[in-house]
Amino acid sequence: MVKCAVVGAKGYTGCELIKLLAQHPQVNLSFLADQDDTPQNACELIANLPQDKQLEIKKFDYDTVVKSCDVIFLALPHTKSIDFVSKLSKEEGKIIIDLSADFRLKDITMYKKWYNTKHTAPALVSEAVYGLPELYRKEVKKATIIANPGCYPTAIILGLSPLLKRGLINTNSVIIDAKTGVSGAGRNATQKNHFCEVYENFQSYKINAHQHMPEIEEIISAVAQKKIAITFVPHLLPILRGILASIYVEKNDSITADTIYGAYEEDFANEPFVRLMTRGQYPQTKNVEGTNYCDIGIYVDNASSRVIIISAIDN
Amino acid sequence: MVKCAVVGAKGYTGCELIKLLAQHPQVNLSFLADQDDTPQNACELIANLPQDKQLEIKKFDYDTVVKSCDVIFLALPHTKSIDFVSKLSKEEGKIIIDLSADFRLKDITMYKKWYNTKHTAPALVSEAVYGLPELYRKEVKKATIIANPGCYPTAIILGLSPLLKRGLINTNSVIIDAKTGVSGAGRNATQKNHFCEVYENFQSYKINAHQHMPEIEEIISAVAQKKIAITFVPHLLPILRGILASIYVEKNDSITADTIYGAYEEDFANEPFVRLMTRGQYPQTKNVEGTNYCDIGIYVDNASSRVIIISAIDN
Amino acid sequence: MVKCAVVGAKGYTGCELIKLLAQHPQVNLSFLADQDDTPQNACELIANLPQDKQLEIKKFDYDTVVKSCDVIFLALPHTKSIDFVSKLSKEEGKIIIDLSADFRLKDITMYKKWYNTKHTAPALVSEAVYGLPELYRKEVKKATIIANPGCYPTAIILGLSPLLKRGLINTNSVIIDAKTGVSGAGRNATQKNHFCEVYENFQSYKINAHQHMPEIEEIISAVAQKKIAITFVPHLLPILRGILASIYVEKNDSITADTIYGAYEEDFANEPFVRLMTRGQYPQTKNVEGTNYCDIGIYVDNASSRVIIISAIDN
Amino acid sequence: MVKCAVVGAKGYTGCELIKLLAQHPQVNLSFLADQDDTPQNACELIANLPQDKQLEIKKFDYDTVVKSCDVIFLALPHTKSIDFVSKLSKEEGKIIIDLSADFRLKDITMYKKWYNTKHTAPALVSEAVYGLPELYRKEVKKATIIANPGCYPTAIILGLSPLLKRGLINTNSVIIDAKTGVSGAGRNATQKNHFCEVYENFQSYKINAHQHMPEIEEIISAVAQKKIAITFVPHLLPILRGILASIYVEKNDSITADTIYGAYEEDFANEPFVRLMTRGQYPQTKNVEGTNYCDIGIYVDNASSRVIIISAIDN
């Protein structure tokens, strides 16, 4: 049994994480904490937790976390993880899994630009591993600081990586039209997630200005071994859960459809959490809801030399 | 042309009102004001206003309102209208239409109990007319202070009044199971109207504790000329607009179904905004969406001596 | 391992059942069949089935079912189970779990009235056990024909039984205002479940005419040991899953709130799938979504002598 | 007063049209007809029609249409208008407005390819005018056969035409990621528009295979005076009404953002039904719901030389 802590347990991310960990046969949820002072039973926030478990969310206490847990999940708002990870990284034998964006960007000038905060632990950024097992399985296994990928990046990077790592496409041609459900934006009530603003509505937001854009660009550039700039237009769907990204790229002329499909089959045939659709089939968000699958469908248009990748995950 | 002001123009209620008044051929929207300091073009808040109209929402200014307008609509939060109406009632020849609850309850002890504020203008409360034309048409025409009914009360009072004013039912038997869309609760973002809390969900709230309860009880008691206490259970629907109330009462044994139906036909046949469904037909919210119709369907069960009234309005 | 068959595997009910059984550690899904001729992999119909399992839905074949399975689930349309159960009941050692309404009503004149079909196996009706473990656990364990309760009846019977079996309420006073999500009506596309007819809409249907009404009346009459007639108004919610029933009854005057609450606590404290809410808390459908919990909240109004029971299940 | 007929009055398109025409001060709805035999009051199908109007939908009768009406709207399924228009075009002085696709494509080989029917009236196809006033106002005014544009084409052609007619973009670069509400697909109940398949779901469909694709390509090629092939990926939104198209094109390098914005301003400043958003603002479907506005927002990215056009209409 692995003794785990969740810090930031009251947000949507924290709650979702607790739900998953509570069902895991090898996880012992030893400490749930939140900056919010009031202790609260996790069952009040999270419907359908196994009731026999003692899952109280307590006030955060550093020493308790360190003493009682081996793996510490941080479900904190962006910029709030840095100090905590810095301190914790000095403890012996802890594994830190940070769900925020604080350790995702290797280029800390980009971090400053997009999150408006100077990064105070650049050495740890270098040490951190981007937690996408399909790309970095070996590194993840040995890592002590794991930067969990954002939702958009997971769907998009998995959708693009087979093409990029083989040099099959024009790296200047990447256009991503992405759509997300509402739960991705967290539990805080704002005008933007008011039922009356979202329901029976659809719109784009943050065109080429979403904070996940540098994360996507950095990872796919590493995969392609070439600097890539993307066009990225997120949209808000009137649904709870799910992301679907429609990705448009130009293939190199000589590349056949079979080569394209073959790349995906080779990379994902043995991946437990990527489901490659049969040709002519495309993902829908409800088929990935409540799962950690990434469903990917591919359309190759020889006339225009375009490849369209449709990639869906729960967000 | 009637020169009108709307005070409290930025809330959902104010915006909806402006939309209706802007289309009215005999209304001149002379002044739109909001406590919120920043002037704003109404078109930014309200999609699809006729763009040729000059509809700027300005900072509230009492003298401008008085000078430029004959009819003043108040779309203010509850308890905020009292002072304003007090002052304005001393001006010559103004008609005040208050959309808050501040002048709906004749019994100011009930006002204090439900709105937690001592009413400072009881004389004006007596003077105010409850603005439901189906019951008080004559009085409304002569009134200078009109207290506009709440959304639940409109649907429920219209549904019950034909039976109550004729003494056809047991006044102890009234049970109201009401359901409302989200827009009724206003524009402020709260946890309760967060998309993720409302969508794909349904629940009751404020059982026998909704602030519209005393308003309903007071008016139906007046109609029945007998003190009536109701059971009132509101529920929150995952829709934008619409209220549907299912009302359960016991008819007096000797009363036939024809007498029941006849009472509704007599009262509503000539009412332009009440649509009595044909027997066996019942309302649905989408048929009243965007209208000021109240649709009413009646079910009479002789075996149990129960009458079920289904009443729907846009909220 | 119990070897199970599902007959009628392609409907929403069949699919949902397969999903549940596929996760059950002691179930071996030995045969999935459907009247529809075309064999189909269950994974195509049911997202997120474990892919390693061989789950092909085949053409129905009686002999294969009998040979390969011990427990046979029937997820057939109403009236289609009778012949099948008749034949199967003659086989040695099989347990039949019928999800249709065909063996729920002991009174076969009621069956004829509500399902428009003469029942051809009345002896088996007497033998069948109503599969609600909270009421009939002992009988269910020994039964060979189990009639699985309908969705509305489950929520409503559980909500009423503690009061009825103790004689705490006026049995003439039962009013049920029930609301259901759309998935309850099955996979067939009709005008009634067209997205455009359901979304942003709410309406009642089948007032005192829903086919679950005699089932509820029969079971609660048995519980109360007294013939009970109810008022039952179902409504259609624009959500996928969930039923919430608001039940209104009159308590006998001398009965205190504590007696009422105590009855529920006594009956349900040890029931794994009934969650009694703390006083002042009421169920919401999303908290039971995807579970087999029944959440129950109780409101006691001494002034009116009414008890309001809010009961929610996934449908 | 113009005497109008609507043929195909019972579909969603016919009903929506009747609603609009019934409010038009210069329209006399002289004859409403449907192939479906049963006469029906239009008010039963269309909520909120003015009830004083006599609006019975009758069995179709050719002679009555011709005698009683000057303008005939055809809201028939695709391929059903051809014969009717052929016959009617021989009558003196009638104006035919066809809402189907039957007279939209000048290239009848494309018609055959996409609608699977040989066109039997090619001469009338040449005569028909594409009813988009922003492009063909003069021609529409003189036309006797008007082919009303499809929903996707309206949003997309208006979004692209200012750039194409001025040669500002690379015509090989057009990628259209379009999203539509459900009502566009008509009243017939199918598995695809079942509430449970659409709600809380999102997916692409008919990638590069939607029947509106040749219509878009033909008109934009005419506008650009150059053959254009597009990439077109439609998606299905879980909303009732609205289309939002995100269009990606490459501008010619020397073209500045001001030139781009200027082109839109020049073309649309005086168009009553196109609303150009201010820079940095983008459309949302709810702002065009229930209107015939097309809202257009433009994003120019000099770094990538891409222009993103977001265009929204009610569908």
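For this structure, a couple of remarks:
Read from first to last, the chains carry the letters A, B, C and D; within each, the first residue is number 1.
Definition applied: a residue touches a chain if its C-beta (ideal position, glycine included) is under 8 Å from a C-beta of that chain, and two chains touch if they have at least 3 such contacts.
Given the structure is predicted, the values throughout are model-derived calculations rather than measurements.
Chains compared, chain A against chain B: the Cα-based superposition rotates one onto the other by 180 degrees, nearest 5. Farthest from chain B, judged by the mean position of CA atoms in each chain, is A.
Set side by side, B-C and C-D show the greater C-beta contact count at B-C. Between chain C and chain D, the centres computed from C-alpha atoms are 46 Å apart. Chain B and chain C have Cα centroids lying 39 Å from one another. Multi-chain contact residues of chain D (touching two or more other chains) are listed as 199-200, 238-240, 286, 289. For chain C in complex with chain A, the touching residues are 47-48, 199-200, 286-291, 293.
Those residues of chain B lying in contact with chain A across their complex are 12, 182-183, 187, 189-191, 193-196, 198-200, 238-240.
Those residues of chain D that touch chain A in the complex are listed here as 172, 175, 177, 179, 200-205, 207-208, 229, 231, 233, 235, 237-242, 244, 246, 248, 282-286, 289, 299, 301, 303-304, 306, 308, 310.
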